[in-house]
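Heads up, the next two complexes both have subunit A, just with different partners, subunit B and then subunit C.
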Partner chain A sequence: MRQFFPVEDLARDERFVQTNMAERMKDGRTAIELKESSAKSRGASKRLTPERHDASDAARGLMHGIMVGEIQALEGAGRTAHDFAAGDGTNDTVPFELKLDMARQAWDEARHVEISAKLSDWMGTELGEFAENTVLFEAACSNDPILRLAGVNRALEGLAIDVFTQMKEFGDIAGDPYLEFCEDWMLADEVTHVKMGSDWLRKVTANDPDRRNKALEFQQVVDKLFSFGGARGESPESSFTLAKRFRELAGFTDDEVKTISEMDAEALAERRAAVLRYREKVGADAPA
Partner chain B sequence: MSDVTTETPNVTVSPAKFSFVEFDADEIATLVSELAAMLEIANPIRVIVDETTPLAKLSEELDGTGPEATITLHAESGALEDRQHPMSFSVTNASESFGRILLRAHDRLRPDFTDAPEDLDLTLEENAAWDTYCAGRLARLGIRVNQQRWRYNHRNRFGFDDSVDVAFDALWAADDLGWADVVATARG
Partner chain C sequence: MSQTRRYGAFAHRSPVGGWSHEFTSFGGMTDTTQTESTARAPFAPWDRRDIPGSFSVDETARRVGNYKWTEMKLFEALGGWVATVPELDVKMRLGTHCYHHAWHADLWHKRLPELREMKPERLTVPANAAMERFIEAMTEPEAPELTIEKLVGVYRVLIPRFIAAYTYHRNNTSEITDAPTIRSINFILQDEYDDWRDGEMLLQSLITTSTHVERAAAHQAKLEALMVEAGGITGFDSIGMGTHTITEGGA
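Coming up: the complex of A and B.
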């Protein structure tokens, strides 16, 4: 069986259309408020709560993003279980127990894909209705298994913790028992996946501080990418927040959580500046 | 930026040229004209698209209630785009979006809708009830509408239980309601 699968070769049926971050960044539109919102604007906060005027459609879009994210997480964990030989963690090998954890994660993710597909159906979304951003799998394409753990288990699955916490709360407030229950169960799995990544990263790099630093630097790059221009963050402009408590349970230190939070704010500011530059270029005013 | 005006029933679209999305004002004007003809709306129509946001808010307003009253449709670009190919126009999604607010405009021309609040003053529940009523009628007119999407929207506003589904089904199947009937049917 082939090893080291490039993102372009992910198998999908004709219902799915894929995109990537470079394509998404070409979109000069934004939902971010660039100036004071008008008094009559309904639902000025972008936080994904049932109070938003477009709550159900926004939740449908995020749910579809979760579903394709689960497919890519399954592919990422499966690749890591397969791509590296069992060994002591040096010379492109990984401990056999790490492979077992990846296999267990792949099993969890496969179940999450099924749950998410059924939730999408429940919410009135067709599979493939929204473009699939392949950025998540790209974090699983490193040749170093430890960078994959940083990118997939800590950054991607960390993002899943944040998103699932928001969706669980959405289901709770809206009174949707299926959404709340399913997100709660999947959230429990994601905390475990992040914990596995945190533990293995520390264990395998215990005697290799350079490799550990390189992995943590890679994680920061991926984390900033996964902020999606400030879609995650503490600002009311952000759709979902950093789930600090669950991240702590998953092995993130306070400093790490603080760093991610600061990067989310940076990503939002950079997105805002990029949009203003784009508007200047095309000669468009900020919306009234 | 000048508007685009179609040759047939007086539809203008602003902006005439799009910078953020790959939309064509003529195509939008033609689509809205066809939908208006299908819904038997002869009033002049202005379409204003906010192409600077990917959100999908829609609203309509009228400057009167007679046949000469101008209907203004406001659409954020996300309501008209192809969700698989962001920034590209989708006739299917635009038909549903414009169809929905044209039906609302059509309702507002009726005497028994004069007490309906302006769009931005509707409560979230009132908004959802009216959307359900419009989406059901659109589906029967042959416009592609995903009923489950609107059922989920309705449940989010009224609750997740069987009585809400019964009210949803009644609204979905209804025709010729006044505003008070729409609100009462939604409440079950």
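Coming up: the complex of A and C.
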């Protein structure tokens, strides 16, 4: 077995169709409003609420996205348990206890796949009904295990905290205690995983500030990528908000939470500008 | 009148570990108005644990080091394989079992300093070079169509060897001096049985044609030969046989 495993080789059965972030952002169905929306404008809010006319499909799509994300998180944690020898954290090694944590995370993610598959079935979704974005596993492919921790455990598992909080609220408002119950349990695990990433990042780079800075920069890149062009943020056009309280529990400092919040806003503004440029180039009738 | 149940004279162990049956008033009732003695024998009649064991501290540490090395190799392999298998149920089982074996490795890692090995890495080694070759061969399959080979190596060769070595250790070590090792082995063995059952059932569900049967058998034979060369998880004394000689037609 190879030491490192490329994203293109991820093994799936024939039901799954994979895509990447670039393809996803080109999809016209992910359109956003170009103007600052008012709270009253119909359809301006992208928040997942039961009142939305497309709430059922949106929730099923999001749940499928969560499930394939959990599959990749399972694969990523498994690879990190495998790819690096036990050692002192230098020269391509990781502490033995970090490997154990990754194995534990693999178990947690396996349970999350089970939970998500049950929930998808409960919500009436077939496996493979929606495309699978492989960006999560891409963040788990770095040759530096600390970058993996920053990209996956802190950025992406952090995102999972935000998404699960949203889904838990949706379950509560929609009167679906089954959904709310499951999301609550997964949320507890995700907080643990993010904290795991925060703790190991600090421990392993305690005497290597350059490595720590590189890891944090990588985390910012992934965080911004996963802002989905403003999908996460305080704007009503954002699909979900930053779950600040849970992020604090997971080891994020106030400054870090503030930075992510600012990045989310920037991502939304950048996406609006990009869509405007595109429309000017190809004509006003082009899809957003 | 309140009464209390108490034991009379306990049975005594003879110096060679046998029993001299001198039960006198075991299970009898007594009047609590009399002064009640709290003097009891150190071992209750049902407690048959004994001191003698087959392994010294050093020998136990050596075996535990071999267990830890092999459990580590196993959890690393299971974790690495998760991304390589297309079958969703297998993928999830591998992730779950990955943690079980990591936990076993952790239990042994923590046991080593208690066995006077303050640098656990020193004893975290394979039993011999053949064991290393076995692990290399077991972890070689990577392609997505080789799920049967991956599972055969783990669930039909390695885990049965783990069950054998752990059972031999548990049954032959001192029940009193080495109780911490026995406690860990008992927890671990439960996982091994459960995981073996999971893996075997997955294999039975995947092996559905004569070609599958041949593939599984051929791979098992190849790995089993390497394992025989290694002698088992802790070498040739894994289950107490203690011989390097392989005799044609039976040992």
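Operating definition for what follows: the second predicted complex is superposed on the first by the 271 of 288 C-alpha atoms of A that agree within 3 Å, B and C clash if a C-alpha of one lies under 4 Å from a C-alpha of the other, contacts with A are read in each partner's own complex, and residues count from 1 in each chain.
The rule is short, and it goes like this: contacts are C-beta pairs under 8 Å (C-beta built on N, C-alpha and C of every residue); 3 or more make two chains touch, one makes a residue touch a chain.
The structure presented is a predicted model; accordingly, all values stated were derived computationally and were not measured.
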Clash or fit (per the criteria above) of subunit B with subunit C on subunit A: fit
Partner chain in contact with A:Asp83 - subunit B first, subunit C second, else both or neither: second
Partner chain(s) touched by A:Phe96 [first = subunit B, second = subunit C, both, neither]: second
Partner chain in contact with A:Arg60 - subunit B first, subunit C second, else both or neither: first
Partner chain in contact with A:Pro209 - subunit B first, subunit C second, else both or neither: neither
Partner chain in contact with A:Glu129 - subunit B first, subunit C second, else both or neither: first
Angle at the Cα centre of subunit A, taken between the Cα centres of subunit B and subunit C once the superposition is applied, in steps of 10 degrees: 120
After fitting on chain A: smallest Cα gap, subunit B-subunit C, Å: 18
Set intersection of subunit A contacts, subunit C complex versus subunit B complex: none
Residue numbers on subunit A that touch subunit B, as the complex places them: 17, 19, 24, 26-31, 40, 42, 50-51, 53-57, 60-61, 121-126, 128-131, 174-177, 279, 282-284, 286-287
Subunit A contact footprint on subunit C (complex, rising order): 72, 75-88, 91-96, 98-103, 105-106, 109, 121, 139-142, 144
Of all residues in subunit A, those that touch subunit C in their complex: 1-2, 5, 9-13, 71, 74-75, 77-83, 86, 96, 99-100, 102-104, 106-107, 109-111, 113-114, 117, 127, 137
Residues of subunit B that touch subunit A when the two form their complex: 19-21, 50-57, 77, 83-87, 120, 124, 127, 146-153, 155-156, 159-160
